[in-house]
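Pasting the structures in now, so scroll down.
Presented sequentially are two complexes of subunit A, the first with subunit B as partner and the second with subunit C.
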Partner chain A sequence: MIDVLLVARTHLVTALRERVTLFWFLIFPVFLLVLLSLIFGQIGQEGEITFTVTLVDFDRGSEGPFAGVIAGVFENLAEPDTAGGDPLFNLIRPDAADDLNAFLDAELVALRRGRRAAVVAIPAGYGRTIERRLFASSEDAEGEVELALYASEGNASSDMAIEVIDQVLAGVDREILTGAGLFDSSESVPHVTARIGSPEGEPRYVDFLLPGIVLMGFFTNGLFGIPGAILFSREQRVLQRYWVTPLSVPRYLAGLSIGHLTLCAFQFALLYLIGRLALGASVTFGGYGPALLLVLAAVTFMAFGFLIASLAKTGNAGMAVANILNMPMMFLSGLFFSVTGLPGVLRVLFYVNPVSYLADGLRASVGVEAGVFPMSLVIGVPLAWIALSSAVTAWRLRWDVGR
Partner chain B sequence: MAESILMRVSELVKHYGEVRAVDGVSFDVPDAAVFTLLGPNGAGKTTTLEILEGIRDPDSGEIEIFGRRLRRVDRATKQRMGVLLQEGNFEPYLKVREVIRLFASFFESSRSVDEILDRIALADKAGTYVKNLSGGQRQRLAIGAALVNDPELVFLDEPTTGLDPQARRNVWSVVSDLRSTGVAIVMTTHYMEEAEALSDHVCIMDHGKLIAEGSPRELSATLGQETIIEFNADGATEEDLAPLDTRCKAVRAEGDLVTVETEDLVATMESLLAWSKRQKTALSDMAVRQPNLEDVFLALTGRRLRE
Partner chain C sequence: MNAFLALVRSETATFVRDKMAVFFTFLFPLIFILIFGFLMGDVDSPSATLGLYGAVTIDEASLRSVIDESGVNRTRSFGSEGELEDAVAGRSVDFGLVWNGRALEFLYHPNRIQENHAFEQLALGIADAFNLRRQGLSPILPIRTVHVGSEASTRWLNQMVPGIIAFSILSSGLFAISGHLTGMKQRKTLDRLIVTPMQPVAFLAAIAVVRLAVVYVSTLLTILISIAVFDLTFSIDWLRLTVLVLCSTLGMMGLGTVIALVVRRPSSAGNVANILAMIMMFLSGIYFPIEFMPPFLRALSRGLPLTYMADAMRFATGVSDMSVVRFWAIALSLLGLAVVLFPILAGYVVRPQRT
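Let's look at the complex of A and B:
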């Protein structure tokens, strides 16, 4: 058994001591986690900022002098400025036929995933509230409602959007009061900001991001680490030195697999600690479900690595194949971006991609979103890939340099 | 007393596509001796050795090793063998001590890591990464990995190729030490002087076939009572030297070097000096020596070992 453990250790220390490997397998995922969680958002072109903001107007169709004032202001700010520059807001609005409550729920999910900078909900009766504030006595507060602003906790882009919206609302307030001859700087447009993903409430953006980055790390590890270890060692005749000893291929494979999975565990621990301690993530990965899916993901991507090592003749060819698979498989999985509305062929790729199922299943198991796929598919599709990869590996993988 | 046979190879054949790399090779390796496969590049030495090491399967033939008949060298046999590969490498980011410990773990019994490090004189480099070792140090590490299980039989494939003279001497010293402790060594080389200096028994291979075998002295003796005269004759060709033919067994001119084989040294020298005077050609860098394995190979194939 000691031989297997020392082969595992060799794989592990080689990865940790080699700077390039260390960067891609451990530092890059951490860097990406920090980067995306801090600035993932809507940076516009040429240094101008356009915030994607959802506006849901429950007060639409009501009557009165102030009905539609707020909505009108946001719509104006969603138009390009007179100099042709980018608008301040990229405004998302429901269609006339949409159910507003369902639309709001969907948009809050999008906000949590970092696809919206903020969500603004104008409650029914809001125009009446403004009217009452201006012309009725201060005691007559019955029936007052507040504008709801939703921001994503821990998302810098969202924080910036809320600052801007606060300023916009202050400007609206001043405009209304001045227009009514009732300017009073102590009064403001009545609104409240709700930060979704707060510690007491729903998951933050970083909670949604963390499982995805963990899977990306495992994926990169498997796709590049395993073919790299096998193909370059074969090419440089490191493996040949092993084969003249009693070390067997199965024992070498066992060692390599243990070393690889330990590296994944290191990677997970590092990302988890940074996510929790530095970025305020609340997701825990506790229980059997997340643990099982993490192991399944690491083994699935490791099997993919063996598959690449079986099909490529040289180390460089293996890295090229891994690169070709890497981006499409990651981005056609919903790991970082929504894949709804994909054209037909890409949709097929999404459905055969094991990353899609593992990402969905892992996020559902840690409670950051409701899963789309049933658990049978979340486990079954990766297992099918493991079986296929193992069969091809057993059939095709050469351990000798040959002639 | 008949010498005991540690390994017997019978009719070994290996093809690479259309090429018959090993063509029906048979030989016996005696116990506690240095057995050398000598031949030029492409002679089939390394392929033969790789079959015996268990890296490759033969197309046909049989190996009897440690008293067991095998189609392919198995794990139990490998427990008793040590192998130094011609081109093998180690993980560059492992330290010297880690390499020895890793290889020691592959065997059921092994020497201590410190003992091996002392033996290969790398104790002071125990914490150095493989990538930072010199060529000679890497070769010593490879020897350490090959000896970690205290083997009864050691395979050394071109052990000194690419090494500087000092490193080569160190390897020769290790081979002599092993032999003195009763370890059998099967070695390949294309250095004639290495084979002569170290070997008890030499098999000369060419084009996948075994063309001669015996001790270096026995093989040299196959050329009879010949003496070799070598000199530089200012670019003289074999045609220029044709008048010497009647007195000599063979005359060869390669570049500036002329080699003359003769069984009558005195008569040949007389006619050579007369030819020099007649042709007004100076004979420089003259050496008179006994035949060596290079001459045996030349006599058998018409080519030199390193052509």
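Let's look at the complex of A and C:
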């Protein structure tokens, strides 16, 4: 037993001493957890983002009940809601002496170059147009002007700013209609939102992400760590030296597996602590279900590592194979985002990918989601991969130096 | 000249044999684009299917006409609320709407975190328009939305492809020095080469020529496949693209020199380059828009060469706009990096290996 534990300790210490391994197995998952939480945790919460928006009011100085209404709304939104808070818009406006047409042209260039999220141009006579549409007949559309909302499609910030401005203008629209006595808000039907099977509503992104990142850590650990340990040790004749000692292959394998699983436990503890303490995740992994699924995941990915080690001739080839498998398997499994609407071949890859089942099962077991796959598949598919990988490994993996 | 050609031949063979280099230069961009293209290709205009259950017939015609005008791609009707809930849970519809005469209840799948925001925007539009329509009204504010960019800039995937090409150039340039050259130094191949009449400049030129050719082919291949598979539109300025590929590759080889000089063990230089490349990829606005990052990450992003390379590549491919002065400033800065660092690199080649 001591020899097994010594091999486990060697694997663990080698991994922790090697700065590169340390980076990929521990630091990179933490980096990704923090980065994705910071970025995607705030999408849809507009208060967290300030958009730089330009307002050019060609209707400035005109008379009438609706002149200046739109400009006033944007000016209000450029004030922070709370003292010291960030406003929704960082509003850019021309100076009194500026030529408005030249200013608009310059701002449209700034929008194209990504320095503005949107440009709003209120045309001369816009107040009059509103007045006419409210009180004149619908046929009386002569001389109507439109508010121009300039956007840079494909620019995520601009897309989101336009969504916000659309909502703001819809609100203004409603207020004008109500103020004119045309719209009776008491007749409106409420708009209710419900999440199927989730009384608490949509989970926070960090709670959704944390189980995915834990699995990603296990996955990269198995995919790169195991073939790296075996193939490079074989190339550098370290294994050859082991085999002249009383250490047998099964005992070496047992030691390697224990070391690998201990490293997975380190990964899990680190990610869990950072997720909970630094990022405010509320998800817990308590109980038998999550624990068993975490062990199943670690063993499945370890078996995958053995599979790669048995298929690759050299350490570098093993790393190349791992790299090729790494991205498709990670991204086509819903580790970071839920996966829907895939075309034929990619859908097949999704369904044969054990990571898809483990991610779904783990999230369901910790209560983050209802779970799409039945538990039989969540356990059965990874077990099938373990069986397949073990069979191929037993058949093909060579423990000597050359092949 | 023969010696130079022999060096080019040998460098080509070495590159082709290096599986990691081939992977990161050719396969990585293609795999990345294929996965993300299919996974998030419709992120700009999600093709939403709405499931509808009308428990009452009051105002149903108004509701249906509002839905038809809302941007929802398809509407499926259900016979009961339970059937609709099952469809949303099973993802056969993207979101659901129950109309019971008193409220519009929108149903979402709780796990579709990145898509629900878009569905909620559609729902909001439907609810607003329906409430107006029921009272015989329509929006009073005339608004037109105008897209200011070119056709090539309208899709998220268009923005991503040049970023991936920039990353591929970065990794190829970095690994040419901090993976390949340091590896040769460690294996003492360089020690053998420098006792021949070979000039270090000719050797470095051979590496640069091979990398430039490979990167250029990879760039073209990536663009062609994105056009063929995803029907993307680019408006490529070939002169700018060629200049940028040239300057970026040489500049990144220069940056690889810094890593080779700073990292003590030659074998670690490749790993450090790999780590730096990966971190830069996440922080340079290739995966995620820089605008959504917290301020400190935005500031960090602005200090990374890949951010500027990706911006310039988007400009060269007609995806986004920038001033011509800025483009040339980026290209010449990258070239300047190479001009400054290549003599140091030549010194590194002939210097005996550190122990």
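The working rule: the second predicted complex is superposed on the first by the 239 of 403 C-alpha atoms of A that agree within 3 Å, B and C clash if a C-alpha of one lies under 4 Å from a C-alpha of the other, contacts with A are read in each partner's own complex, and residues count from 1 in each chain.
One rule holds in what follows: a residue touches a chain if its C-beta (ideal position, glycine included) is under 8 Å from a C-beta of that chain, and two chains touch if they have at least 3 such contacts.
Everything numeric here is computed off the predicted structure, so don't read it as measured data.
S.K.: Which partner reaches more residues of subunit A, subunit B or subunit C?
M.R.: Subunit A has more residues touched by C than by the other partner.
S.K.: After superposition on the shared chain, which partner residues are touched by A:Tyr150: those of subunit B (first), subunit C (second), both, or neither?
M.R.: second
S.K.: Touching A:Ser248, do we find subunit B (first), subunit C (second), both, or neither?
M.R.: After superposition on chain A, A:Ser248 lies in contact with subunit B alone.
S.K.: What is the contact status of A:Ala394 with respect to subunit B (first) and subunit C (second): first, second, both, or neither?
M.R.: Touch status of A:Ala394: no partner.
S.K.: Pick one for A:Leu22: touches subunit B only (first), subunit C only (second), both, or neither.
M.R.: After superposing on A, A:Leu22 lies clear of both subunit B and subunit C.
S.K.: Figure out whether A:Met319 sits in contact with subunit B (first) or subunit C (second), or with both, or with neither.
M.R.: Touch partner of A:Met319: subunit C, not subunit B.
S.K.: Identify the partner contact of A:Val348: answer first if only subunit B is touched, second if only subunit C is, both if each is, neither if none is.
M.R.: So A:Val348 meets neither subunit B nor subunit C here.
S.K.: Now for A:Ala102: first (subunit B), second (subunit C), both, or neither, which partner does it touch?
M.R.: Neither: A:Ala102 stays clear of subunit B and subunit C.
S.K.: For A:Arg133, select first, second, both or neither according to whether it touches subunit B, subunit C, the two together, or no partner.
M.R.: In the superposed model, A:Arg133 contacts subunit C only, not subunit B.
S.K.: Quick check on the complex: what are the subunit B residues that touch subunit A?
M.R.: 16, 53-56, 75-76, 78-79, 81, 83, 85, 87-91, 93-94, 98, 101-103, 105-108, 129, 142, 145, 155
S.K.: Could you list, by residue number, the parts of subunit A that touch subunit B in their complex?
M.R.: 2-3, 6-7, 10, 13-14, 17-18, 233, 236-238, 240-248, 400, 403
S.K.: Could you please specify the touching residues of subunit C with respect to subunit A in the complex?
M.R.: Contacts found on subunit C: 18-20, 23-24, 27-28, 31-32, 35-36, 38-39, 42, 44, 47, 85, 88-89, 91, 96, 102-117, 120-121, 123-125, 127-128, 130-132, 134-135, 137, 139-149, 153-156, 158-159, 268, 271, 275, 278-279, 282-283, 288-289, 291-294, 297, 319-323.
S.K.: Which stretch or stretches of subunit A touch subunit C in the complex?
M.R.: Those in contact with subunit C are residues 19-20, 23-24, 28, 31-32, 35, 38-40, 42-44, 49, 70, 108-109, 111-114, 117, 119, 129-130, 133-134, 144-157, 159, 162-163, 166-167, 169-170, 172-174, 176-177, 182-184, 187-198, 201-203, 205, 208, 316-317, 319-320, 323-324, 327-328, 331-332, 337-343, 346, 363, 368-370, 372.
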